[in-house]
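Presented below is the structure to which this report refers.
Chain naming follows the written order as A, B, C, D, E and F, and within any one chain the residues start at number 1.
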């Protein structure tokens, strides 16, 4: 086994080691962060994404059109 | 008459070398793959075109005074890949990963492809005529990161001569992910494993999404400063996205700026596809090793998921392990598709996005290791 | 083992200096102000991030070979601030100022903050350990211009070492305008003065708006050529806007181009927030003088309005004098808000826009004076 | 009083002087320009901004939609 | 007192030279033409403004340390004109030309204006005081190409001193096409010829449109490599457009990128409008020769169409020959307008687009010839 | 006739010659390409441009508005 291969193997162990250590620490850090933030800043704005609108579509059509027309004239 | 002769002597036909002709053919093949086969066209179209332009005889577009020569400075100085990485950061939603952080380990495991093919490159040195230095090997290994800008950044620092071949291999294999991964994924999993349904992901708050890129940057600063150019620009893009206070900068970063830089980056990469650099046994080695890197990374991700299932009660569908190589978002889609084949009600896409974006971080970390240890 | 040791030696933890740690903290504080407090986020977010990136140990992102080193050339050559100024010109409507030109004098008076704090900086030299050269003092004074690109342009020419602190002070105080100005404005005006209603502004024709930037440029050419880079690019942007014949250029100047340059400018400014340059007594002096400059400029604008009221029958509400510091459009909004408090039917916003944009011209003129007289 | 302070004070007078002269001349120039232009080019296009439209909103809705559909198909 | 004197000595009024004043006037005239007369405002507005900025006394904006000095590197290195050419390629539809390829010959004939005025420039050398080198003559001739970026690219390589005058002449005459061309077109055609109706163009398939730019590039590589920077970037833009797989790159190339580069290119061209370079007899010669070039090119296109009608049964309306000078799309519109005058049912616009875009290729080919033969 | 004029004339003949040869070869090449492509890839997608839609406009209005509203909420 050449010197180069040896340093390659060393590099592999060091590299995979660091990658795992780094990402494992990131797992810990995320868990910690989520715990802290969910406790002290419990906003869940993303939930809003699933709220569906029940406004009558034709009303919307009129509003949209009005906004469009307003913008193209006044902006 | 003299004029006519001098004209004939200035034609491409008169001055063509075989190597240039072959490399232009390579450029046309890349264009064909990009346009007809849909292989990562955003990059492979400019790269292919750059290959053609830089191999035109007489014109010397890639030499001093030519456009591609000047554009290449953007790669040489590391500016283009970092700006693209910023744009990618502004496009990335870390929500699924934050909701299920242990999928980060899948993104770690999949980086094994990088180091295995690095070792493979060194091993190939036994073939007479092939001579990969440790730097070359590291630059080749990073193909396994399945992440274009990272590969280009590392290759431009460690082995600029191989940059063209490495970038082409990286983007081609990313386009081939839907072909490369499924057989490996099927071979390493049982039908029952592929049927595993995962519990729905929780909502992630805005605050978590804002803090995450800063935490990522801080960790990288403390542990691995050599990865901070990549991770830093990625985190900057993501922070611009999630902070919500600089929407116009975030939009520009993920649209016009990344588009402009993509054109320039593609052309500059193409300018490194010269006959002298590409028409070597090395290139075949790079292509072979790149394929291995993707395959090994995929396998490592899947196996890691199976190992994790041994130690945890909430099971992970091992298919999403394959998404750890990154190749965002194709690898996640592949995992989703295979999941649906086994269980038509099993949508794995969001679950696979976690290891998928973790893979981007993983390969940036691996890049940092290589840049700091390989000298 | 050796490898592990060399790895440990390459971590940030091992290499951190106290100064770097402190400057990264400064960067995080700027990010916090930008994101949570809404302090000029378009600039302070990239500046804060640049401060973090440039203080990462080992990585040397702000040294030759690093991204921020190359981006900084855009400031060194004066390109970034001038392009931003062009974009600001393309966003500015001079209509209210043309409709009531005497408000220009309010924009002139408010520049007193610049020269007063210049003098203050020189006076501070009596404190042992503080040593501001005339160039330093001029660069500090320009904070009182309340105009980011002008401050950066002048500081990059006269005192590049202080650039980081000056830019941070300028943008922070611009964000603090709603806190700094009201007490001064209330102290210097009576309730009756704050109730003054101003007559409605006349319509300004397209021709006037087109001719104005050219006239402005011409005046600057004749009187003060040293101000023409700033005023010229500002006038170019405004001419592109008002001429109506190059709408696509005007749109790009005020959107994508200014966004791209803002990202680059912010990062480059942040790269000047190094421990050696920032962790000095000077920085405290700069912060203190900057606050004085804003306060004095505000007062000067208000007092000028009161003086003008002595000599004219059509009264000016002195609140709009405070808008003369520029800080567009916050200062105008502050004037409007205080006006409404005293008289709920008194909308001063459009009236305050006159001195507000005049303040931009005023500080560009003051910058020209400093650049031509301070050597 | 040091030499530096003296030059600072000189700078202050020169600077504020020029700023005032410059902006005062700009006042004169603007007044001149406005007088000339309002006399010879009396357009007041900005008035148009206040002209409000009285087209029936639903008509607008239909037009807007048609334009949208046309564009998405034909452009 | 000393200070006041030094201030007076730093005013523009004190330092103005007659040449600078005259050149600023030229700049204002260009602005007037751009804004009031609608002469190619996208280019002439920034060029005119650049002329003003670069002739400001004391400020030295076009000298080292000034903005225009640095922007000019984009022309010196050939980057700006090539990027604009890429954007133009992304805006060009070659459909009408592919549907009726023989109109390419009209685009060839119209390039006669280039070589005739080249010869004219050499002939003018008999006038004492005028001295055009072969390089100068070639750069002047290219005005006849009626294509801005091509003219700037060639002039920047062959005669950078004449760049300002050449660019101004090229864009001015392009704006004047509706005045220059009609009398020539009427003089050279009979009423019956102008009435000729042409058969409707066939539909061109997507595949043809994709293959065309590649074929064009290949032909240029084989025959005339010196034209490949221009033709290559043009083909790249067109391929991005037609391939349909990189829509976001194509959109950026024809919008934000071309807008940004247009601003920079215009300012840089303007910076070459210095008194020393412009206030010469040469400039008058350039203006005169440029007008001739347009006129001769127009005539050559029309005559070529008439010659082709002798040898073919499917007749061409000779009016569309005039569109061969390029000046896209004005020349095509002129042909259409004159056609409608003679025959209100005869819409020539699409037919004229063929020679019109062929003229762009033709002048790029001519540019390649000049760049390779003139040394 | 000076040397320079002579080389100018030579340049003119060479130049116009090459321009004509180049564009004539392009004519041939295009004809060849069109023949080949029309035979083997006979798509005519551009025809679609002239197909006009017959969907009821008010339906379109409703759809457009709905899409707009959906996008502004969910994107």
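By definition in this document, contacts are C-beta pairs under 8 Å (C-beta built on N, C-alpha and C of every residue); 3 or more make two chains touch, one makes a residue touch a chain.
Since the model is a prediction, treat every value here as computed from it, not as a measurement.
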Each chain counted as touching chain B and chain C at once: A, E
Chain whose average C-alpha position is farthest from chain E's own: A
Fraction-based call for chain E against chain B, same above half, different below: different
Chain centre separation (chain D, chain F; CA means) in Å: 41
Centre-to-centre distance between chain F and chain E (centres being mean Cα positions), rounded to whole Å: 20
Rounded Å distance between chain B and chain F, as computed from the means of their C-alpha atoms: 33
Interface hub residues of chain A, defined as touching at least two other chains: 11, 14, 18, 61-62, 64-65
In chain E, residues with contacts to at least two other chains: 3, 7, 223-224, 256, 373
Sites on chain A touched by chain C in the complex: 10-11, 14, 18
Parts of chain E lying in touch with chain B, wherever the complex brings them together: 77-79, 82, 86, 210, 214, 217, 221-226, 228-229, 232-233, 236, 239-240, 243, 245-246, 248-249, 251-253, 256-257, 372-373
Chain B - residues contacting chain A, complex: 95, 97-98, 101-102, 104-105, 107-109, 111-112, 114-116, 118-119, 122-123, 125, 134, 137-138, 203-208, 211-212, 215-216, 219-220, 223-224, 358, 361-362, 365-366, 369-370, 373-374
Chain C to chain B touching residues, read off their complex: 3, 6-7, 10-13, 15, 24, 28, 31, 34-35, 38, 41-42, 45-46, 49, 52-53, 56-59, 61, 65-67, 70-71, 255-256, 259-260, 262-263
Sites on chain A touched by chain B in the complex: 2, 4-5, 7-9, 11-12, 14-16, 18-27, 29-31, 33-34, 37-38, 41-47
